[in-house]
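Contents: one structure, followed by commentary.
Order of writing sets the chain letters: A, B, C and D. Residues in each chain are counted from 1.
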Amino acid sequence: MAHAPILIIVIPLLAVFLTHLTKYIRLRRGAEIVAVASMLASLILLLSMGSTIISGKAIQYDLGGWPAPIGINLAVDGLSFFFALFVLGIGLLIIVYSLGIYQYARRYYSLLLIALSGILGIILTRDIFNMYVFFEILAVASYVLITYKRKPRAIKASFKYLIMTESAWVLFLLAIAILYGLTGTLNMDSIASQMSMIYQTNPQVVYLVFSMMMIAFGVKCGMFPLHTWIPEAHSQSPTPVSSLLSGLILKVGLYAMLRVFFLFFGATLLWQGAGQLILYLGIITLVLGACLALVQDELKKLLAYSSISQIGFILVAIGLSTQLGLKGGLFHIVNHALIKTALFFCAGIIISQTGFWKISNMKGIWRQMPGVTFAFCILSLAVIGIPPSNGFVSKMFIIQAALTEMNYVAIIFIFAGILLTAAYYFRIIQAFFSPEEFRHKPDFVPQPVGPFEHLSTYVVAFLCLLIGLFPGVVANIMQPALKVLLP
Amino acid sequence: MIFHTPLLPIDNLSRFMLALVAFLSPLIFIYSLSYVKRNFFRYYFVLLITFGGMLGTVLARDLLSFYIFLEIMTVGIYFLIIDNAKKESFPAGFKYILMMFIGGIFILVATLMLYNLTGTFEIAVIAGLAPVLPGAAVAFIFALFLIGCLFEIGAVPFHIWLPDAHPVAPSPISALLSGVAIKVGAYGIIRMIFTLRVFNSALILIGVISMLFGVVLALRQTNVKRLLAYHSISQMGYVLLGMGLGSGIGMAGGLFHILNHATFKMLLFLCMGAIIYATGERKLERLGGLGKRMPITLVTFSIAAFAISGIPPFNGFASKAMISEGVAGNILLKLVIIFTAAGTFASFVKLFRFTFLGALPAKLENTRGVPILMLLPMLMLAGACLGIGLFPTQMLSEFVAPAIGSTMIFDFWSINIFIDAIWIIFLGYGIYILGLKTGFLGIDKKAVAPSFVRYLSLDRICCDAASVLEHGCMGLKRLHARNLNVHLFWVFLALVGLLFMLT
Amino acid sequence: MHRISPIVKIFTRKLFPFILLYGCYLISHGHLTPGGGFQGGVIFGSAIILLGLVEGVKLTENRFKEDFLSLTKNIGMLIFILLGFVGMFLGYSFLSDFLPRGEVGTVPSAGFILFLNLTIGFMVGTGIAVIFYRTVRHEP
Amino acid sequence: MINGISIGIVIVLVGIYGILTRRNIIKMVMSLYIMNSGVILLFVSIGYIVGGQAAIFENSKKLMVDPLPQAVMLTTLVIGLGITALALALAIKIYDEYKTLNTRKLLEK
């Protein structure tokens, strides 16, 4: 229906305030019901637009009736539909996972919904300042979510995350100011149309704007020099929040990078220096994340470093800036979001049941929790890229893209990256299956792990294998997205 | 759309390998029925996945599904190796999966390069296009694919995982691993030779090195399964030599040796498994005099020992004769073949002497025979060795030759083959006696191990490389833990860096 | 804590309603003169904070109870979104101006922007008051 | 020459200097807000037209300053408020737990 784009964003926002009001009605788990209902409503609305998007047309929507260059308008084209779909899917998964943990109160669900509506806003908006506002909404919600359990280390991690993100995003605001000075509008499409002319007159300014935006998106998606907040933020936050962080927030940073760079600088800049630059930064991120993960002993921190190195893979794929490279990159974004969310679920279940944080004292956990270990094995095989899983398909596309480009540096480092990933994931599997008898933590009462956690983990593990076996389904949803990026 | 993988129809080569995999793997299932005592569900679940992976690899009509099933098989075998969860099985498993992964990526890169050249993964189509493709690219792709498969086979420069994986894995798994899994790698090479029509003489060099390296180190071993593992390397050297010759007879000899090696190597591992099952001992020093207690294992072991060293009535001699026939011109290769055969014979005499003959150590007083379910596969395999040995011509004409699509008759019972056999026996016994005296066989501890062997071994080089990487990563980690201001400084430094890089 | 001098107490008690009136002026003339929902709301909040500082938190607590304030905050936001929906139901797009525009320069001139400002002012005022209550009651 | 834009840039640089060198986290939050206000000044002064009148519409056709940056900067101000309030709250909690505000000491804790 006509108002679908704005409704997708506003319904979770509406649900935020409804969850606050459920305090006054006696519905026992009102907040959860409202949260799940709002996500389902948004999902249904998005799917209702699916048919038109797949056939290639984009849906415009002007907020408040003002036409494009003046008012804020939303556009749902191939790329945003693709991202919105998997964001809503994973958002639903995260909410279902946190249903199990009973002590999460209304405040948690309202913050989660604010974050999700922020993400959806970023994906659907076509106005660059509006994207900044939604990024800030998302950022504020994630700062508070990280500190939800009020652990001192979590507060320190959240503070670090806040300072780093905000100081980078001041640069983004500067970039918007410069763009507004040059083009006079805030709408992405009109800026893009004038971009090539601006590049002719003064390329220096375009380079400045590009590097500022690169820094801003780099902090959000954990690129090489800007990834330092990720390990603490992931390991100290509650499990569903850390999967929200690495599953969605890193991916939205990548989405914004894709959207802005290919829209603004696509024709002029990307094919000379910038694409190569993203490639090399991706390679450094890849190797750094993998190396640090090799020597890491805390499970959640290790998964955080592995997120950084997988983001490196995606950056390499984007840096190649060919049709095949983008296809591999987009596919890997979806795969990695799915797999990493479920990996954090497994880590959460293990930590809440055993109370251990370090892998070294999780030895021989296989007898205690065979199901979770089995799911963990499937998921880590998926991250490495063992064939029947979906990780393999996207890794294959990325390698193929690097081969067609004859970019030997990229191939060698992708090779090393896959190897290092295999090394640190098999190190974990080795610890799980080790022969020593599992020593319980003295006087530790394991928290109750309800059916929701196990259910959502196994569903995602099965989904990974399913996508691995039938990648065609995701590939043709991705087709319109590729046409948007590389016409 | 992406994965239209036409698994069928298959040509003769796949049918040959299918027969090999399909006939031998069920024996593993039967054998492990009584061998495996704990966590049955996990063991059989992963074994079936591995079996599926093997069948898929053999039946694959296009390179991509070949790679996919190869990876499934590799991961399956990894979980089987760490199945009996002994302390030392994990480093070996870790080394195995990483080495196999390197090989896998080589194969994947080669497949994708081929896809870029020809636009398809289908083997048949690529075979058709092969002559028209640019020569240099085809040679490079073949080299990549070859390296990948050599990892799977465990040829010399890439063999590091094999001697560690075998002693640690449960016996049926090491039988499966060296009996069937290695053969799939050899199948990959043959398949690639046929599609790309590239004859690469490097194979001969690698084959010869593997043969010598395997035999020399096998003589030194005292751990029963490690000895057999080194022999796998040397036997696969034979296969590589056969394939490297490039002539029809060489290829047929190599293929025939794959079949023979699968049968007698699996039989050897099953016999050793029976001994370990009965006595619980792995080291030769603590074994001895089991002949009386385990007669059937004695018989089957001796058949397999004769087969592997190429003594006429048993199946090893047929394929070795073909390969030595193929290599007839070159004296040096002839010498190498004779020496390896003799060395193999010597080490199996040693094995035979120290397990079945000699005094029964006090501890093994009450060793009983092995349950029937374990003996059955051993007897069947012994029968197969004997049968192929007695009727090699029929075997060659309607089973091995059509696999390569050539009708070939080879006279197995000619006189010089008998002379070679006698040469092997005498030389082998001589080496055994010499080795016993100088302690080279490592039995009675006055071993004179040349120090350079310890220094040269690739294994140590890899471990050192791994520890260097470890220190590097620890250094990186220390470098990484800084306070907030420094991390912010990195943010703005990145901005300046980007600006500098762009302009 | 030294005692608040009586002058300050009397003045705040007398000035309190006028501060609120000034806040309302800012909100209602948001679309005409500099001001608007947020600024007016901040004035509301500062009025309550002033009362809290001078009279002591317990007195202001029972006058402006905290959960009442947070309830109004949430309801304010709900009304804002519903106003957006009203625009949508009347056939225009979301948050569009469905009221007729009065002549320039008078209060009803900007259609439904006035109601938006009201809700925002309401919400921000109560929100800042809630922040003040939480920080005052915080003990390490 | 001195106009709104150059002063805005200077303020942002002051903020960046502050956030990089100060050890005390409260001072870092303050310099964060300085950076924010620097950008706001820059953005607003981009829309400034010399001799333009304040963008309040009284149906007179005089030259008016571009109102869009000002409206946009209202939102940035609100966001700046939210971020600073949250950062200070976190700083208070950090001080409660670790009894120090120095980033170097915080690193070891």
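Please note the rule applied: a contact is a pair of C-beta atoms (placed from the backbone, for glycine too) under 8 Å apart; a residue touches a chain by one contact, two chains touch by 3 or more.
Just so it is clear, the model here is predicted, and its values are computed rather than measured.
**Student:** Count the C-beta pairs in contact for B-D and for A-D, then report the pair with the higher count.
**Tutor:** Between the two chain pairs, A-D has more contacting C-beta pairs.
**Student:** Pick the chain whose C-alpha centre of mass, unweighted, sits closest to the average of all protein C-alpha coordinates shown.
**Tutor:** Taking the mean of all protein C-alpha atoms as reference, the closest chain is A.
**Student:** Which whole number of Å gives the spacing of the CA centres of chain B and chain C?
**Tutor:** Distance between chain centres: 79 Å.
**Student:** How far is the middle of chain B from the middle of chain D, if each middle is the mean of its Cα atoms, in Å?
**Tutor:** Once rounded, the distance between the two centres reads 68 Å.
**Student:** Using Cα averages as centroids, what's the distance between chain A and chain D in whole Å?
**Tutor:** 28
**Student:** Report the inter-chain centroid distance for chain A and chain C in whole angstrom, where each centroid is the mean of the CA atoms.
**Tutor:** 37
**Student:** In chain A, which residues are in touch with two or more of the other chains?
**Tutor:** 159, 163, 167
**Student:** Chain D: which residues touch two or more other chains?
**Tutor:** Within chain D, the residues that touch at least two other chains are 16, 19, 25, 28, 106.
**Student:** Could you tell me which residues belong to chain B and also touch two or more other chains?
**Tutor:** As it turns out, chain B has residues touching two or more other chains at 482, 484, 488, 492.
**Student:** Residues of chain D touching chain A in their complex?
**Tutor:** Within the complex, chain D contacts chain A at residues 12, 15-16, 19, 25, 28-29, 32, 35-36, 38-39, 42-43, 46, 68-69, 72, 75-76, 79, 82-83, 86-87, 90-91, 93-94, 97-98, 106, 109.
**Student:** Going by the contact rule at the top, pick out the chain A residues touching chain D in the complex.
**Tutor:** Residues 129, 133, 136, 140, 143-144, 147, 150, 152, 155-156, 158-159, 162-163, 166-167, 170, 173-174, 176-177, 180-181, 186.
**Student:** In the complex formed with chain D, which residues of chain B make contact?
**Tutor:** So the residues of chain B in touch with chain D come to 481-485, 488-489, 492.
**Student:** Which positions of chain D touch chain B when the two form their complex?
**Tutor:** Counting only chain D, the residues touching chain B are 16, 19-23, 25, 28, 103-104, 106-107.
**Student:** For a test of understanding, state which residues of chain B touch chain A in their complex under the given definition.
**Tutor:** Result: residues 1-3, 67-69, 71-72, 75, 78-79, 82, 85-87, 90, 93-94, 97-98, 101-102, 105, 108-109, 112-113, 115-116, 469-470, 472-474, 476-477, 480, 482, 484, 487-488, 490-495, 497-499, 501-503 of chain B touch chain A.
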